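Listed next: structures, encoded as structure tokens.
The same chain A turns up in both complexes below, where it pairs with chain B and then with chain C.
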Partner chain A sequence: MTFLIAFLGSCPVTQGEIRFPPPEFESGYTFPQTTSPAPQSVLQEYIDAAVLVVGLLLASHLILKRRSRRAIFVLMIGALLYFGFVRDGCICPIGAIQNVTLTAFDRGYAIPIAAAVFFVVPLIFTLFSGRVFCGAICPLGAIQDAVLIRPVAVPGWLESGLRLFAYAYLGAAVLFAATGSAFIICRYDPFVGFFRLGGNWNVLILGASLLLIGLFVGRPYCRFLCPYGVILRHLSRLSKRRVTITPSECIQCRLCEDACPFGAIREPTGNWPEGEYRIAKRRLALFLVLLPILVAGGGWGGYALKSQLARVHPRVRTAERVYLEEAGQVQGTTNVSDAFRATGQTTEVLYADATRIRGRFALGGALLGGFIGLVAGGKLLVLSIRRRRTEYEADPAGCFACGRCYKSCPKEHGRLKRIRETAAGRA
Partner chain B sequence: MSEFLGKLQARRRFVTHALRNAALAVLGVGGGAIVLKRRRLLREGKCLNRGMCRDCAVFSDCGLPRALSTRDVLARIRHG
Partner chain C sequence: MDKQEPMNRRNFLREGLWGACLAGAGTAVGLSVARGNSDNMVWQIDPYKCIACGNCATYCVLEDSAVKCVQAYAMCGYCDLCTGYLIPEPKALDTGAENELCPTGAIKRTYVEDPYYEYTIDESLCNGCGKCVKGCTVFGNGSLFLQVRHDRCKNCNECAIAAACPSQAFKRVPADRPYLLKGADNK
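Moving on to the complex of A and B:
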């Protein structure tokens, strides 16, 4: 890990330099910051998809069958090097959410097969093996996992509240992709700048900040921001097989209690104390009443933000700029407004397009706000419900399948000892 | 009490199983829809790669004017 920190510190990422300087235009035009790497060959994309499938099969074996943290860590570093540094962090399932959304909403857009594979395959594996993608394959998770040195426990209520950002981020990413405005997940990917050895300064600072926080809070991006993680969380509740702390029956030794840096180990629950049960019932009833209010309030708030949200769309921004120039409210022109006039289109067409897009954002903003309200209400409800547990277990939704808890279980040590003895007996 | 808990767990397992199968069905139908959409766009003569022939998966079989022109240029370069 020290090596990794030293490597990240010494690489030219921090200087944000572009390795091949672009040509200088006489008009003074400056290149925008790009968010996508140069096109790759189709064969390479199929190789990536094959590596993903093989990696996930191996991860499932190491996490569920072999139960070896060391082997999982080695695979994780391998995936970080390949999908991160060799393949420039692209393509990844997190960004593929936007490709899938765009193909659902844009009749003329066809998603690349590799992007579809990267989106679907980890979901299928999650349904059978839990979050093995997060644990061993995702380069974004791996870079955070590698820097975690002194984990600090985050209180449950704070964790639940911060997770709301991931839902909002997912909703916003779907909205902007569905309207053809922007792929915000790719634009604001905090670690891709490290993988590509260059990028936007603000995003690099965001990535560095997340890595700094990640020294003490396990995988902050995965837990509080990752939009793909939101989908995986819910699917992992349905998984056929999942991480179990102990290989056989739990002896309630409580040694695993502090093993998980992500707060995903749930302790056994007894019966409700009488007084507390009554309070919890009343609280649950209150939150049930509050739920439709939160949904309606969120929907109204999202609708009210339609103009601000629509400004993300380049067509709307162009229309606003051209309108200001035509009305004489701003002096001079910009490259964008000059380019629009050079197309020979009339301003009426531009304004009509902008109005149509704003209309989409009115509906989309209301849906996004309603979704956030629904998630917030749902979280309040979940906090008031207590699930019955008879032994220590890994929460399937919160568990990243990193395998840290295996080492703390005496039953696991017994299993490993038996394996070693069997192997020695054979030898 | 234990009988009640047993029934509850059995019901929970059944619901989880049903939801897992439903999720797999959704993913399967979604994947199929993506493939069918690509085929439909190809049949309708639409560009799959937003006008970029470089590294396009269907470039060699594409009949769109841009692909024909690109192939022509490439052939001329190849043959001097």
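Moving on to the complex of A and C:
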């Protein structure tokens, strides 16, 4: 046996070579078939898409017409059970961003119809009825919403600052998907491990920490990380209909002030305090000057990080390892370099590939950095602009359409005929 | 928005943007239908790229990996001394655990006729570590190889094993031809 292995091991062989011809049996033995169990039917994906559409229609009705937090909660838990625990949280619209991006950049990639539907349908619903997807259908939102027991307020500047992570996450996810490097949204999906009851430990710990934070800070993933939420925020600013705290007109009773655990209720603004108008004007001018500087600085920073970013691409990692080995700077080989050598490709081809990918990351990194700079500058500008509001209203961008504020409004109780409106109340 | 709002510049811009976004979403649907795949895509291992490194056993999101070893019987040599079945220097040529290469005893060896033995994988025991695949590929015919088994695979949007695969052997294949079987011309 040892001799046999030594003999065979010394032969230069290519993979798949038949060294021992299959025997010709005399006992009537026939080759068994290699079994190949079929994947789940594509019909299942269409069912999921149909459930999504029906769920969103129902959510729009419950949130905008019925205005019932309890009904929304029941629907939300149903969606959590179906899209989360039954369907294992895959595919979701958040991850579908990457499939759509890859379709746009890679001609060879054919997007599954279900992924396209999951990406687009919540966007269309948001244009008509606000973020009903976040409030009642998204399983990632639902699992956080369900654990929120004691919400604490997050100061506006901190909220805006932390939200930069979501924009950066979206930008990075698009960059890595466009270059065919990785689907980072799926890799670091914090709750999919809970839905599947297993997975990578680091990501499970991340999910558990987010749920722990979520006991006190409402929906931390949705507010500070979710890349799809970034898109929905901006679309819901344009939406035809959306959550209104009061069913009729605001009587400025301030009862809803603390009703929103996500800090999405905007107070009425009075006139500018004495002397602050001039300071604000100067601040706005400063930020306007700062904006191009931030964009340029971000772009430069992203460009400078191009080689680090490019390392996410497996081809670049392979090239770097093989280069180090060829140059004699490291001892031994790794699985990666062994696998590369087994393909029989020349190192020139590999290096050329890596150079091309790095070139893409030089442009992509600059764009990503510029985008983050633009968002940061834009946030500073928006924070220093004072909008005139005469009523308490739900911030269209930040409202998750969870329906918690409805019951805080005395007008709502009037609508539900729970209290009788007096002449004073109607005034 | 029941009451008619006056068409000022702000509302005009808003309506315009709204229409543009809806048109954009419509275009995305149209392009996806045109370019997309009405069938699903699933993950599969190219057996000619796979180096049987063992990552399949540990990186799958499932506790028990969706990747299993399969046998292409028509390629198998039916050897008595199977290098996918026995460790390189077995104490005895029998099915004793100390002589088997498979850490979970998932390979069943059955006598066919002198001197041939059939080797079958018990998928309920196989953990996809690829030790037998390495033995078979390096010293034998390479009839044992790893495949994603679609009765188990969750078809994650990004396969966790694919992300950890050193030879980039994972690829997306159409769901109506979900296996890349050796010696079968991708049946």
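Quick note on the criterion: the second predicted complex is superposed on the first by the 376 of 427 C-alpha atoms of A that agree within 3 Å, B and C clash if a C-alpha of one lies under 4 Å from a C-alpha of the other, contacts with A are read in each partner's own complex, and residues count from 1 in each chain.
As a convention for this text, a contact is a pair of C-beta atoms (placed from the backbone, for glycine too) under 8 Å apart; a residue touches a chain by one contact, two chains touch by 3 or more.
It should be emphasised that the depicted structure is a prediction, and the values quoted were computed from it without experimental measurement.
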Quiz prompt | Partner chain in contact with A:L127 - chain B first, chain C second, else both or neither | solution = both
Quiz item: Is A:K240 touching the first partner chain B, the second partner chain C, both, or neither of them?
Solution: both
Practice problem: Please work out whether A:T103 is in contact with chain B alone, chain C alone, both, or neither, and reply first, second, both or neither. | Solution: both
Quiz item: Taking the superposition as given, does A:P314 touch the first partner, chain B, the second, chain C, both, or neither?
Solution: second
Quiz item: In the superposed arrangement, does A:V42 touch chain B (first), chain C (second), both or neither?
Solution: both
Practice problem: Between chain B and chain C, pick out the one touching the greater number of residues of chain A. | Solution: C
Practice problem: State whether A:R388 touches chain B only (first), chain C only (second), both chains, or neither. | Solution: first
Practice problem: Could you tell me if A:I111 is touching chain B, chain C, both of them or neither one (first, second, both, neither)? | Solution: both
Quiz item: Can you list the residues of chain A that touch chain B in one structure and chain C in the other?
Solution: 39-40, 42, 100, 103, 110-113, 116, 120, 123-124, 127, 235, 238, 240
Practice problem: Could you pull out which chain B residues touch chain A in their complex? | Solution: 5, 16, 19-20, 23-24, 27, 30-31, 34-35, 37-38, 41, 46, 48, 52, 54-57
Practice problem: Would you tell me which residues of chain C are touching chain A in their complex? | Solution: 1, 14, 17-18, 21-22, 25, 28-29, 31-33, 35-42, 47-49, 51, 53, 55, 61-63, 70-79, 81, 83, 86, 88-90, 112-113, 116, 118, 120, 137-142, 149-151, 153-158, 160, 163, 165-169, 172, 175, 178-179, 181-182, 184, 187
Quiz item: Residues of chain A touching chain B in their complex?
Solution: 39-42, 100, 103, 108, 110-113, 116, 120, 123-124, 127, 235, 237-240, 388
Quiz prompt | Contact footprint of chain C on chain A as seen in their complex | solution = 1-2, 4-5, 8-9, 13, 15-23, 25-27, 29, 31-40, 42, 45, 88, 90-91, 95-96, 98-100, 103, 109-117, 119-120, 123-124, 127, 182-183, 186-187, 192-193, 196, 198-200, 235, 238, 240-241, 314-315, 318, 334-336, 338-340, 342-343
